[in-house]
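Two complexes come next, and they have one chain in common, chain A, joined by chain B in the first and chain C in the second.
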Partner chain A sequence: MTAAQVRRRFRFVKTDDASENRMTPVGYLMTNFGQKWREPVIKRLNELVALQSGWDGYDGIAVTFENAYFAVGILDACCRGDDPTPQIVPGASGDLQIEWHLEKGDIELHIVAPNDVHAWHVDVNTGFEGEGMLLTNDFTAVVRWIKNLTEPTRATVPAAS
Partner chain B sequence: MPRPDDLPDFKTPPLYEVALGVQFTPTTGYQQVRVGEVWALFREDFPSVQEVAPLPPTFETFGLPQGGRVGTQINLRPMPGHSRYWFISPSEDELLQFQQDRLLHNWRKVGDKTNEYPRFDALIEKFEKELRTLETYFSSLAPQSLKINQCEVSYINHIEIENSASVASAQDWLNFVRFDQLQPDDFAMTFRRVIFSPEDKPLGRLIYETVLALTENNETIVQLTLTFRGAPAGTDINAAIDFLQYGRRLAVQSFKEITTDMAHQKWGMVS
Partner chain C sequence: MPLSPPPRDAHGKVMPHDHQGIGSADGIIRRISEQWIITEPDGRKRLSSIAFNPSSGPHGGMSVDLQAQIEEAGLNCREFLSTTSPQCAGSIRFEAGALRRASLQVGFDPLLSNAHHGEVWGNFTDSMKKRTLPGLATWFVEIEGVAISVRPRPLS
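Coming up: the complex of A and B.
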């Protein structure tokens, strides 16, 4: 399933950007092993689990706690400390989407329920126009996608003469 | 359900507590105000009740090789609406833990610690019945079945260190501990291992936790906890039971692997 198909099935409303850079107390950083994305993501998830019913102008409900916890589990499994902070976008049915929109491409992970994730990515460098996958608890593919989209482009090294 | 012949067995294992648990998606139509109805399902076997803080959702996920989640805290605001309830048996050695997204069955040593372990096969049979009873109850509130998203089995052992003056003697019991000339005051260790299927897919995590502790009688022990946790192959009760049985096998085999020959002799290993 592509992200476009997902969007047709679920209403997503983008609100605040979770990627703001914030100073964190030293003790907190120590317990989090320097994961820069962690604090803004937790802050954002705390907002989303507290959404009021009808928050989207229709019948939208808050992001469920189990989906919020599972989202953190995914990020723990996929993100190194200095990986870019994703946007977290609520769905109307207690679901949510984790999104990276980067210069080299996009990744979208739609968490329908724990162990039920529709993943999609585009990589400008490799020419992928979109790859959809259904994932459960193994996010090895997403680790690879993030790495490809974030690592510096290798310069061509001239052969020794 | 008979015990598999190839599993290590001990006459007097240092087993202190065993917990079988599942986590499931909160069900439609259930609210905390109905917890008395849930207790009524099990009250004959568990006539006492105690209210404790809820457990947060827990998920084993896989990706980065270094297991970056060790020691991290999620710190989401507390879940609204539901406590965890301990339904306790008359002898207090068995308890059923219930909250809106969890059911766990524990056996534990109590009193003078001589109560006999009923064995895993008897425990899991009870637990399966309890899960089916709970599912039937939930389906009376709305057409639905349990959607189980995580299972865990834990074995908690209390290994008495005979020479308690020397913490280093823990290495007589645990073969991954080696202090040599070092005489530590105490120690605590946690390590984790991803368990893969024959197709190289991650099935779950086996978590080893050891910590030096004092009992209420001031005896020095090493508390060794082995937990296998992960998502079952399906979301129904049968898949959960399969997962727990597999986890039991892993935990028992690992217990044998990480304990010494001397310890095996002491605990009367029979196979």
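Coming up: the complex of A and C.
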């Protein structure tokens, strides 16, 4: 798929770009094509920005365009092309959560607003309760977490004597 | 007996409170959207922790329905939930006393659209959302094949 094709598939377009002055999340350089996760993520985000008011049985609103854009920015910054597709779930206030649940652990990124992300992960190093942190525009920790969960476990090779 | 009016701020918004009229054994119902179902690596399904998240805003809490008030109004709670939110596939139930023992407040926040609406307020830490609240909940209207809690698994 070409970058132009990818851009055409990125449909939740908003004309007044409220995120213009925000900083781009820091992580991998954006490649903008070839990511296996991109198409299902865009499809899911398009569903979530179109949720009806009250979708949660209370006063829930749809995921905001700003949060959806920021979510894609985080994924562009953090994920390699063959990284697993995350699951995305909506919050009641226009927020959303990006989640990976893998054999080696879990990662959850709660996007409250652009540049306001509560990140949490659990793996063999964190213990059962996991570890949480607040992130704004630097997602290098998430890059590391994803790498830890997706890379094959390497057997320890004793040094040659 | 109808609940006394909740405390409100200068803007008329209900403030966090623990309502004395809500008994310890009263059911506190949380409606569950299918949007909150996620899949574990072994293919099993469960609720995302975001199902246990409070709303944002100055007095944001976790929206709930007050079972005793619904039933005292002569309504069947399951029918009330299904008619007022047909889009929600299921619901879970807490006991008010269990929420209070977890240092949460259980209050009354009537809405024009739902006179039996309540809120749960408190410190929604990671542990609260991912372990404590799912552990205190049982299905009220079950979504078949979906677990409420995280099943601990060995991490390698």
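Basically, the second predicted complex is superposed on the first by the 119 of 161 C-alpha atoms of A that agree within 3 Å, B and C clash if a C-alpha of one lies under 4 Å from a C-alpha of the other, contacts with A are read in each partner's own complex, and residues count from 1 in each chain.
FYI, a contact is a pair of C-beta atoms (placed from the backbone, for glycine too) under 8 Å apart; a residue touches a chain by one contact, two chains touch by 3 or more.
The shown structure was predicted, so the numbers you read here are calculated from the model rather than taken from an experiment.
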Quick one: is A:G54 in contact with chain B, with chain C, with both, or with neither? Answer first, second, both or neither.
second
Just chain B (first), just chain C (second), both, or neither: which does A:I98 touch?
neither
For A:I107, using the defined touch cut-off, is the partner it touches chain B, chain C, both, or neither? Pick first, second, both or neither.
neither
Kindly classify A:C78 by the partners it touches after superposition: chain B alone (first), chain C alone (second), both, or neither?
first
Of the two partner chains, chain B (first) and chain C (second), which one does A:T140 touch, if any: first, second, both, or neither?
first
Touching partner for A:A119 - first (chain B), second (chain C), both, neither
neither
Taking the stated contact definition, name every residue in chain A that is touched by chain B in one complex and by chain C in the other, in rising order.
none
Footprint of chain C on chain A - complex, ascending
48, 51-52, 54-60, 87, 89-93, 95-97, 99, 101-105, 108, 110, 112, 120, 122-124, 128-130, 132, 153
Note: in the complex, chain C contacts chain A through residues 31-33, 35-36, 38-41, 48-50, 53, 55-57, 60, 63, 81, 84-85, 87-88, 111, 114, 117, 126-127, 130-131, 152, 155-156
In the complex with chain B, residue positions of chain A that touch it:
31-33, 35, 38, 42, 45-46, 49-50, 64-66, 68-70, 72-74, 76-81, 113-115, 136-140, 142-143
Complex contact set, residues of chain B against chain A:
25-26, 56-64, 68-69, 71-77, 79, 101, 147, 149-150, 201-202, 230-231
